[in-house]
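There are two complexes below, and they share chain A, which is joined by chain B in the first and by chain C in the second.
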Partner chain A sequence: MRLLTHNMLSSNIKGVTNGFPLGIEVVKVVEKQVELNADFLKNMFHKIDWKGLVDGSRAMGYFELPGEPPETSALESEEFLSKFHHALLELHLEEGALVCPETGNICHFASTLRGFPS
Partner chain B sequence: MSSRPELQAPPEIFYDDTEARKYTSSSRIIDIQSKLSKRAVELLALPDDGIPRLLLDIGCGSGLSGETLTENGHQWIGLDISKSMLNIALEREVEGDLLLGDMGQGLGLRPGVIDGAISISAIQWLCNADKSSHDPKLRLKAFFTSMYGCLSRGARAVFQVYPENMAQHELILSFAMRAGFAGGVVVDYPHSTKKRKEYLVLTCGPPSLSTVVPKGKVELDSGSDYESSGDEENQTVCISDRHRPRKKQKITKKGKGKGWVLKKKEQMRRKGNVVPPDSKYTARKRKARF
Partner chain C sequence: MWFLCVFFHRLLDYRKPEVESLALLFGDQTQADQNQDNALEWRLPKHHHPDSPFHFVNLPSQDLARNIANRSILVKGIYEIWGEGSSYEELEESIKSYPEDRKLPYLTSGSTFKITVDSFGKVISLQEQNGRLKNLAYIPFKGRVNLKNPDHRFWLMETDDSGANNGLPPVAQRRIFFGREVGGADRKLLPTYQLKSRMYIGPTAMDAEVAFLMANQALAAPGKLVYDPFVGTGSILVAAAHFGAMTMGADIDIRVVRDGRGPDCNVWSNFKQYGLPMPIALLRADNNLPPWRPGLKEVVFNAIICDPPYGVRAGGRKSGGRKLLKGTVSPYTVPDDKRTDHIPSTGAYSLVECVHDLLDLAARMLVMGGRLVFFYPVLREDDDFVENHFPDHPCFRLVASSEQILSSRYSRVLLTMVKMGPYTDEVAETARMRHLDFKENHLKWLENGNLHSSVFSPADPLPTDSKFSKDPKKKYRGKYV
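Right after this comes the complex of A and B.
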């Protein structure tokens, strides 16, 4: 599963008011090369929760993203775009678990079995 | 036994390893699925600016419909309840991310992030109560409200459905409307029993110009497609009323006559069959020695 999808998911447990972002417990991460599409990244930038993305990428061992959400102007720089692209689309969580941030137990999307959370 | 898979077993059990393998290796199913998903993407009417969108595929199965999305250059997230189907999707190395989950329990996505959703032959599963804890109404409600929540404003969702009868059809539609969606049903090939396909085209947000439901496809005798408005009420009634007593055939001594033959040919044409053109020889009388 990519961080793009992780960023869209929230906890589905009843009674949880703020189920985002889900914590990531990593067992195995793989990287897959994907073609960079600047238009898509610019489009997604406004929808991405930056903190969730940065926390997720750090959990998966990628520390290049800035901790503070960057300005929209940063999207013009190719260096930033390639980092953003790498974190969003090329890092795959192959094995691991997603943890609900509020209850702390392994939530609805629990153990990542061969790439998809249950 | 019924041929509808919905009546045989719950989806996570029906699509086991063998069924999933069978499903994905059948070229007929692959062909139908890709045609349906192409039409669904067409109905989704995403702006034609070459920017990839983030789409959702509900009931993605082995990723046959997702492949169409990838071909169109979009990123997608697939959701399915059957692990066997998803395993096949992983084997086929589909581009999208896959989630194992039950759509009847809500989607669990952040609000307003998805640019569009498609679903091929999946929603009708929600109408079944496979477990004692299942209530089709609650499940439809959970599905449509969470769907409405995660779509961005003005985004469209296209669901291809096979409702079992009019009651199911209305149930699905009423819960979609109650969740706040605008839109309606598009029927392709309404006169044909086999080719007839229903699409729920829903738009997130209040009714406006963009929520106008597109027209369904109708087939001409020449085999070409053209867009035509269908009077939906009349077409659906003849489906629901399938068990009416058969009309008595009027056969006189003279035979059925030219009028009858022309009527039948017209019926066949409307179903999309290949029918020879009418001519002065159509249903002509033969001489006695023939």
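Right after this comes the complex of A and C.
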């Protein structure tokens, strides 16, 4: 599972009001090369919950992203784009679990099986 | 500027919406005001029936026409018509009166050209073709002929005047067109992507041609994110990915998204097979209980394309299990030790409910002006079938509906909707009321299984043989029988 996906998911158990962001318990992370598509990244940048992404990437052992959401102008810098790209699309949670932030449960729908959030 | 648009004689209902969608995609984006009716101007050639493959279309520029023709699936070519007529004499006159300054740039001595003789509704033998080409001698071609790779392509097309015309009402009079090709179609796409050479397909994999049509309707393009909530074997997303869009899919069936048929035969391998970028993610998710985070509103998807399960070849499922949904058992919690590999049970999911959830999801998740493209089944017995029988939603405007007849009993309609308004709680409430109203009126056949039985039940009840009817043993069709 990529962090872009993680950024869009929440816990949907009944009674949970704010199931985002899901905590990540890492067992195994793999990196997969993906071609960088700047247009897509710029498109996605405004849609991302920055804190969720940073926390997620740190949980997966990637510390290059700034803690505060950067200015839009940062999108012009290639260095930032490649870091953003790497965090968003190239880090894969191959094995691990997603933890509901409110109940602290490993939500039964949210455990990852062989890289697939279920 | 008027162009002649010649279509392949297939999927008649899908032709104009496709061209209109592509005109929007390639057109001037700043001008394309979503609130405006962006329909193109169409005109039929003299004596032609609306189902004719020949249509005149008014497009702002030649570049736009070329872009449309090159990407379209159903357009054979778009032509700048130099002359037309009901006979060759009329054609000659018409070509001669066409302004010289529009013709001469394409007739210069340095250029190469090719003339193709084509016909609709009949075959012209080579000798006849040569005769017709010789007749064109009045056009002052100065360039050389190059059949393989010419600079300019010219087409001489004629229709037959005989009664039988490929199933169309007869054309009263034959019509001959001569024109310069502005853009031609790339149908090579289809054999490349045809299902029979694809590694991983399921019983409801979308035919490549239709999948490309859907991707075109959804305006799939680089930089956009396209989502399919019923991804299955990914056949629709493959088409969207071919056009450069980023893709994302979900399905309730864990078997298709996670396992496929092994390491080299799954949804990922389908993308690999064509050298397409992998989908961003495949989720096992339920359309009925979408897992999206609450703040994720009106921001994510540029288009949602899908073929919802309407119960003819595959039925819908939602989380919960049969007993749970009926209320016979109370919601359970999975014990911790079994949680890791737990696959939640699922129960039947009727089409009305499914479409309602789909519209709600699309209203929430699509960007403004984003498109929702999906198939919707229609029973053909409904004679009083009118357009407002389609499901609707206050956020959406229906821009195209194209029918594809599947059998004498039913057909499916490709609906293209554009998101026009923001999603609010009031809107969701109105949508829910409309949905209930819609459900009332359609319950008779939309409810689960009903469509299936009306499609597959024998037309007339067969006379029951006494021998067979005596057999009291019920026949079950199930997993282990």
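Convention: the second predicted complex is superposed on the first by the 117 of 118 C-alpha atoms of A that agree within 3 Å, B and C clash if a C-alpha of one lies under 4 Å from a C-alpha of the other, contacts with A are read in each partner's own complex, and residues count from 1 in each chain.
Going forward, a contact is a pair of C-beta atoms (placed from the backbone, for glycine too) under 8 Å apart; a residue touches a chain by one contact, two chains touch by 3 or more.
Remember, predicted model here, so these are calculated numbers, not experimental data.
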Superposed partners chain B and chain C on chain A - clash or fit: clash
First (chain B), second (chain C), both or neither touched by A:Leu4: both
Chain B versus chain C as contact partner of A:Phe20, first or second or both or neither: both
Partner chain in contact with A:Asp49 - chain B first, chain C second, else both or neither: both
Residue contacts with chain A in the superposition, chain B compared against chain C: C
Which superposed partner A:Glu35 touches (first chain B, second chain C, both, neither): second
Chain B versus chain C as contact partner of A:Leu75, first or second or both or neither: neither
Clash-bearing segment of chain C relative to chain B, given 8-16, 80-88 or 152-160: 8-16
Chain A residues contacted in one complex by chain B, in the other by chain C: 1-2, 4-5, 7-12, 19-20, 37, 39-40, 43-44, 47, 49, 89, 108-109, 113-114, 116-118
Residue numbers on chain C that touch chain A, as the complex places them: 222-225, 246, 248, 254, 257-258, 277-278, 280-285, 289-296, 299-300, 331, 333-334, 336, 339-344
Touching residues (chain side chain A, partner chain C) in the complex: 1-2, 4-5, 7-12, 14, 18-21, 34-35, 37, 39-40, 42-44, 46-47, 49, 52, 89, 97, 106, 108-111, 113-114, 116-118
Residue ranges of chain A in contact with chain B within the complex: 1-2, 4-5, 7-12, 19-20, 37, 39-40, 43-44, 47, 49, 89, 108-109, 113-118
Chain A contact footprint on chain B (complex, rising order): 50-54, 75, 77, 83, 86-87, 90, 97-101, 105-110, 112-114, 150, 152
